[in-house]
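Both complexes shown next keep chain A, but they swap its partner, so chain B is in the first and chain C is in the second.
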Partner chain A sequence: MDAHDVVALVPELMLVLAAIVLLLVDPLLPRDGRRGLSWLGVAPCVTAIVVTWWTRDEVATYFNGAVVNDRFAVYFKILLLAVAIVAMLLSEKHLHLHDRLLSDYYALVLFTTVGMMVMVAAIDLVTFFVGLELMALSSYILAGFFRYDSKSIEASLKYFLTGSFASVFLLLGMALLYGTTGATSYYAIGDAIAAGDAPESVMVLAVVTLLAGFAYKVAAAPFHNWAPDVYQGSPTPAAAFLSVAPKIAVFATIIRFLTHMLSQQNDIWAPLFIVIAIGTMLIGATMAIVQTDLKRMLAYSSIAHVGYLLLALAAEGYADVSFGKAAILYYLAAYAFMNMGAFGVLVHLANRADFDYSLEKVSGIYRRYPWTAGIMTLFMLSLAGIPPTAGFFAKFYLFAAVVNSGLAWLAVIGVLFSLVSAFYYLRVIVYMYMRDPDTELEELNGRSVDLGAGLGLAALAVVALGIFPGPVLDNAQDAVHKMFTGPQPEAVQEADAAPGAAVAP
Partner chain B sequence: MKAAVVLIPVLPLVSFMVTLLLGKRYFGEKSHYLPVASVAVSWLLCMFLLVQVERGQTLDWNAYSWIAVGGFQVDIGFLVDELAAVMLLVVSTVGLMVHVYSIGYMHGDQGYYRFFAYLNLFMFSMFMLVLANNYLLLYVFWEAVGLCSFLLISFWFPKLSASAAGTKAFLVNRVGDFGFSLGVMLIFITFGTLSYAGVFDSETAVGGGMMTAICLLLFTGAVGKSAQFPLHVWLPDAMEGPTPVSSLIHAATMVNAGVYMVARSSPLFAESETAMLVVAITGGFTAIFAASIGLVQNDIKKVLAYSTVSQLGYMFLALGVGAWAAGMFHLVSHGFFKGLLFLCSGSVIHALSGEQDMRRMGGLKSKTKITYWTFIIGALAISGAPGFAGFFSKDSILAGVFHEGYYLLWAVGIVTAFLTAFYMFRLIFMTFHGEPRTDPEVFAHAHESPPSMTAPLIILAVPSALIGLILGLPPEDGHIDNLLHHVFAGVLPAEGGHGFGAVSALLMALSATIGLGGIFAAWQFYIKRPQLPEMVKARTGAMYYILYNKYWVDEIYAAVIVNPVKWFSGVLWRFVDDAGIDGFVNGAARFFRGVGKALRPTQSGRLQAYLFTMFIGALALLAAWVLLQTGQG
Partner chain C sequence: MTPLQHYLILATVLFFIGGWGVLARRNIILIIMCIELMLNAINIALVAFSNYSPHGAGLGEVFVFFVFALAAAEVAIGLAVAIAQYRLREKLGVDELHDMRG
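And now, the complex of A and B:
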């Protein structure tokens, strides 16, 4: 390690520094009237985005091949930072309302984000796992942040225990890979597998355990059970963050695993992904229909969205469609903002004392809060995939990729489930506009710059991604096509001799 | 130049969004500030583009790639050439005037902000339609202006006839748009691209049949949008909308979109003689057909509506015989004088507290001086009085038709010119001259409109009077012919025009005489010998009856199409929809709800159960793989 390596981590270090500052200043601040804490978290994230974008074309590996800076990592880092920004903006009012406006919260969001940024840049199993656990541990605490609320504690505990169980699967899978190939670098493992060093049976076991672990992390069936309980019990803004960010990071990791290490094992993972995807869509879509709690409904809806994403991953195993992976990347961006936006509206509505997140409570709200109802409609339409929103284009590209890989029947199943899902999204709109409220709706005293900015950003992103998909899509394409595919043979020695030396892609 | 091209549509769009979102609560009576300002800036930029184009600068620019999947690519691209510039001149000028006019006309209306928001949306869509550089974008905004038209026709939607008229316009246009969309698809299949440049410069050899099919399908769209026979029925009903809307959308701009599209597609149409002939005959027939109906209408706006249909027919006649520049010339001059005429009629209606029936008007001359004189200028222009705009443009069409050898169509045009002059001055005389037939109380209140309304009248009267002199002199080789020569160079005969000879001079004198003759006849009928109309009505009872009932086109459609369709959809609704589809949908909903309920117990909330599921899940994945393996092997 030398100075050069540290420079590569400037965005992450900035976030860590900001988190430490946040933790240190907390005792110094007055108990009441503390406002604007979120900006201490948002500002470093914005700076980190700028720095990351600045260095987007400096493709190189760092720390003896532990992390890489390529367009793929850049795409995901920026997306994750943007998600963190929106999440922090959505939080302040809610924390204040529950008398838990502590800077720890923002520090935890930053730590989670750093963990995820390490995950998406990792090209080594050990580095990846460290990032994963940093993300996981921080998010367990976020889920239990309302520690006087038994539901929040329960969510945290469930999250922690099931999460640890899933980590066991992942560790087992990675141990099998390491045991057969003797390497921890993605590229070295990939080369060893390609050379035929790994027996078939071990590979099957490794793929299955890894899939199980990843499926848990993205809440895919049958490893999804924790998600509704956790999202419902967590503080709503934390649920907004947790339902989005970890999934993005894990999908990035899955794509790296499949591309660098397991590309030859597609006969194992591709059919299994199909099985998981169909199960996930089924669970997500049908269970969402019977929910009356909006947070649980959104939890199942996010499970269904993971199902669509898994479809596209499965399709990757059958044919190499030029825009297949880019479609996944684009979908993740669209999903991030529409889902956080929907949760964000719930955060806003929770300013009403009698709001218990049930569907009944949004009855007729458009008359009293037309803006809130309007923006919620936007997010619901986007989640349902109706043009001209981000959700439509994302689904369009995703299913187009599935069709182009020769799995038209699978795309048909996906579209059918997406049709089913329209039911529970449109139902929210029906309740908001066509039902009468059961009680007199009082004025929402929830005017908050933060919340407004967060919702505004999410809505803007949903509209912009829907109408001008170009820039993000181009970056997604670049991320995939300019993905760092491992050091060249002679460059390996060079990298050994001079750690951190730039390597041509 | 690129910045100007982007700003021209974007300014009204931004203004639309701001006005619609904030208008009701924050702007109220001041809702027009932003819309008028945005269109004014757009107008300045349009003038800038016009100057650039006059200097020979054109632009074909793909600003942004919207969709790119496989071989299918859609660009948001702009094309600024002579044709687009000429359209922009009309659209932006009349648009700005109508915006200003609406300040006075819509004053105090409940939906004041909404009206300006929609007008802005229309301006955005129309600018995009004109500036598009490919057929898909053209189609998208073709539909968008249709939507705005629908919103504005049924602006006073609590009034049943207004919302019905909106629906009718929408449905009739759908028929044409369906053809248009098929045409666009055929273009893509044939040429593999939708950009104008790509299609027109294509090396692909296209069979005559295919070319005719494409052109006729495109023309179907034009027939719908530009209200040509047999799809003209929506335009007269569209007069239910506020009068500024009639002026802007249903006279000066949107209805011209069909003409513009055919002119834009001239390289395609020139390849198909059949299609050209269809265009010419449809145009000629519509011209005389609508003019004859216009003779006996009593609603002041309906007369103007049929007049618009008729004049659009002229334009298609010109395009059909290959007098491309003449058609566009008439589009420009008609845009100005018809926009003016509608605004004048709005001023009359305003003065008489909403009265539209000319039988209850008369004698307004002294009460509304500005409206009267501007109306006269507009009427002289459309009648083809020598020196006025319509004289030059109409004459260049008739000369074109004559020189191309379509003598029958030329005769039709001449007769139409006579009818036009007649019904226009019938309108003038019935409205402004003679004894007031209005309710005395209403007449006593009759007053000239506020300056925000009369100023646009005066401003529009200037081009109505003079634009022919500016663009059309010398005849058939005027400024507009030279300007548009670049666009139509590929489709014009190589040896150039036929020149302005003795024949042309004779034709010109003839059409001047015809126009003045029509005015004289109207004077005879309605001023000199007011008993004449009744006499003629009695003499030609059947003829009058047919015209008065507009050839029963609406009734025929109702009997042949609307009622059978209603009956059929009733059947569909009862048996297919209620029993079949609803049954299926409800069944599906029940099914998925049932599945969800059945799966519910898996969500027990108990941690042990979750961990156990995960463990079983991992085993199941392994088992699934084994099953798949044995299944395959």
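And now, the complex of A and C:
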């Protein structure tokens, strides 16, 4: 390790430093002098985005092959930082309203983000596991941040128990990979597997346990049960963050695992992904219909979105479509902003004292709050996949990739579930515009610059990704095609990188 | 020298005892302990792999140190949340977690 290595971690170090500063200044602040704290968290994230983008072409491995800086990592780091920024902007008003405006919250969001940035850049099992746990442990606390609210604590406990159970399975899968190959570097493991060092039976066990762990982490069926409870019970801005960011990081990890290590095992994971994807879409779409609580509805809707993403991953196992993985990357970006935006509107509506997140309570809100209703309509249309929003193009590319890999029937199933899902998104719009409110709507108390900025950013991203998908899509393509696929012979591991081994074309 | 299989059998047995405990126990503290048991089962497997692996020896032990540290952090957070739950409800069962349905 030398100074050169530390330079590679500047964005992460900035975030950690900002988090420590936030924790240190908290006791010094007067009780009502905490407004504006979020900018202490947002500013380092913006700087980190700039630094990450600046160093995007310095492709190399750092810390003896623990992390890599390639376009894939850069794409996900910037996406995760953007998600963290929007999440922090959405939070301040809500925390203040519940008298829990503490800088710990922002520090936890930053720690979670650092954990996820380590996950997407990790190319070593140990490093990945540390990043995963940093993300998971911080997010358990975020879910239980309203610790005097029994629902929040219940959400936190459920998240903790299911999450640590899932981590155990991921660790088991990684231990089996290490046991069969004697390496912890993704590339070295991939080379050992390609050389036929690993017994088939152990590989089946490793793939199945890893898949179970990942399915838990992204809330895919049959391991989805925790998600609705956790998102409903968590503080709403935390739910916005938790329903998006960890999924992005875990999907990035899944793609890295499948590309670097398990590309030969596609006969094991591809059929499993198909089964999980269909089950996930089925549960997400059908259960969302019967929900009357908007947070639970969004939770099941996010389960359905995970199903579409898994569909594309399954298709990857059957044929290498040139834009298959890029479609997943683009979908994650679109999903991030539309889902956070929808939760953000709920945060805004929660300023009303009688708002209990039920569908009834959004009846007729367009008369009193036309802007709020309008922006919610945008997010709902995008989640439903209606042009010209981001959701439409994301779904279009995703299903096109599935069709191109020769699984047209699977794409048809996906589109059918997507049609079903339109019902519960459009229902929200119908309630907002065509129902009469049961009580007189009060004025939403106070305006918040932060909340406005967060919602504005999310809406802007949804519109921009829908109308100009080009730049992000190009970056997603670069991320996949310029993925670092192994060290050169003189570099860290003894394995000589076979040219083109385990590379997506 | 004890063959690798013996260590792996011990690890498997511990893993399943822990897994059974997680699913069967209703007390949060006991569930956390069972998760720790599963982690330690994996630790045994990792150390055994490391000792018997022709190359990459020592990596497993390093991995185990990280797992130790993370497991400790995990327990700290789990117990903190459990205490918060106890303060609110004076009970520590997972059956108490039924505020949200649907």
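Here, the second predicted complex is superposed on the first by the 487 of 505 C-alpha atoms of A that agree within 3 Å, B and C clash if a C-alpha of one lies under 4 Å from a C-alpha of the other, contacts with A are read in each partner's own complex, and residues count from 1 in each chain.
What we mean here is this: a contact is a pair of C-beta atoms (placed from the backbone, for glycine too) under 8 Å apart; a residue touches a chain by one contact, two chains touch by 3 or more.
This one's a predicted model, so the numbers in the text were calculated from it and none came from an experiment.
Visitor: Once the structures are superposed on A, label A:Thr184 by its partner contacts, choosing first (chain B), second (chain C), both or neither.
Guide: So A:Thr184 only meets chain C here.
Visitor: Taking the superposition as given, does A:Val275 touch the first partner, chain B, the second, chain C, both, or neither?
Guide: A:Val275: touches chain B, not chain C.
Visitor: I'd like to know which partner A:Val126 touches here: chain B for first, chain C for second, both or neither.
Guide: The second partner, chain C, only.
Visitor: Once chain A of both complexes is superposed, is A:Ser363 in touch with chain B (first), chain C (second), both, or neither?
Guide: Once the two structures are laid over each other on A, A:Ser363 reaches no partner at all.
Visitor: Determine, under the contact definition given at the top, whether A:Gly144 touches first (chain B), second (chain C), both, or neither.
Guide: Only chain C; A:Gly144 stays clear of chain B.
Visitor: Classify the contacts of A:Gly470 with the two partner chains as first (chain B alone), second (chain C alone), both, or neither.
Guide: It touches chain B, and chain C stays clear.
Visitor: Check whether A:Leu161 is in contact with chain B, with chain C, with both or with neither, and answer first, second, both or neither.
Guide: both
Visitor: Identify the partner contact of A:Ala175: answer first if only chain B is touched, second if only chain C is, both if each is, neither if none is.
Guide: second
Visitor: Quick one: classify A:Asp229 as touching chain B (first), chain C (second), both or neither.
Guide: After superposition on chain A, A:Asp229 lies in contact with both partners, chain B and chain C.
Visitor: In the superposed arrangement, what residues of chain A touch both chain B and chain C?
Guide: Of chain A, residues 157-158, 161, 165, 228-229, 290 contact chain B in one complex and chain C in the other.
Visitor: Under the touch definition given earlier, write down the residues of chain B that touch chain A in their complex.
Guide: 64-67, 69-70, 588-589, 592-593, 595-597, 599-600, 602-603, 605, 607, 609-611, 613-614, 616-618, 620-622, 624-625, 628
Visitor: Mind pulling up the chain A residues that touch chain B in the complex?
Guide: Its residues touching chain B are 157-158, 161-162, 165-166, 169, 204-205, 208-209, 211-212, 215-216, 221-223, 225-226, 228-229, 268, 271-272, 275-276, 282-283, 285-290, 323, 397, 400, 404, 420, 423, 468-470.
Visitor: Inside the complex, what are the residues of chain A that reach chain C?
Guide: 125-126, 129-130, 133, 137, 140-141, 144, 147-148, 150-151, 153-158, 160-161, 164-165, 167-168, 171-172, 175, 178-179, 181-184, 188, 228-229, 232-233, 290-293, 296, 494
Visitor: Please give the residue numbers of chain C that touch chain A in the complex, ascending.
Guide: 15, 22, 28, 31-32, 35, 38-39, 42, 45-46, 49, 53-57, 59-60, 62-63, 66-67, 70, 73-74, 77-78, 80-82, 84-85, 88-89, 94, 97, 99-100, 102
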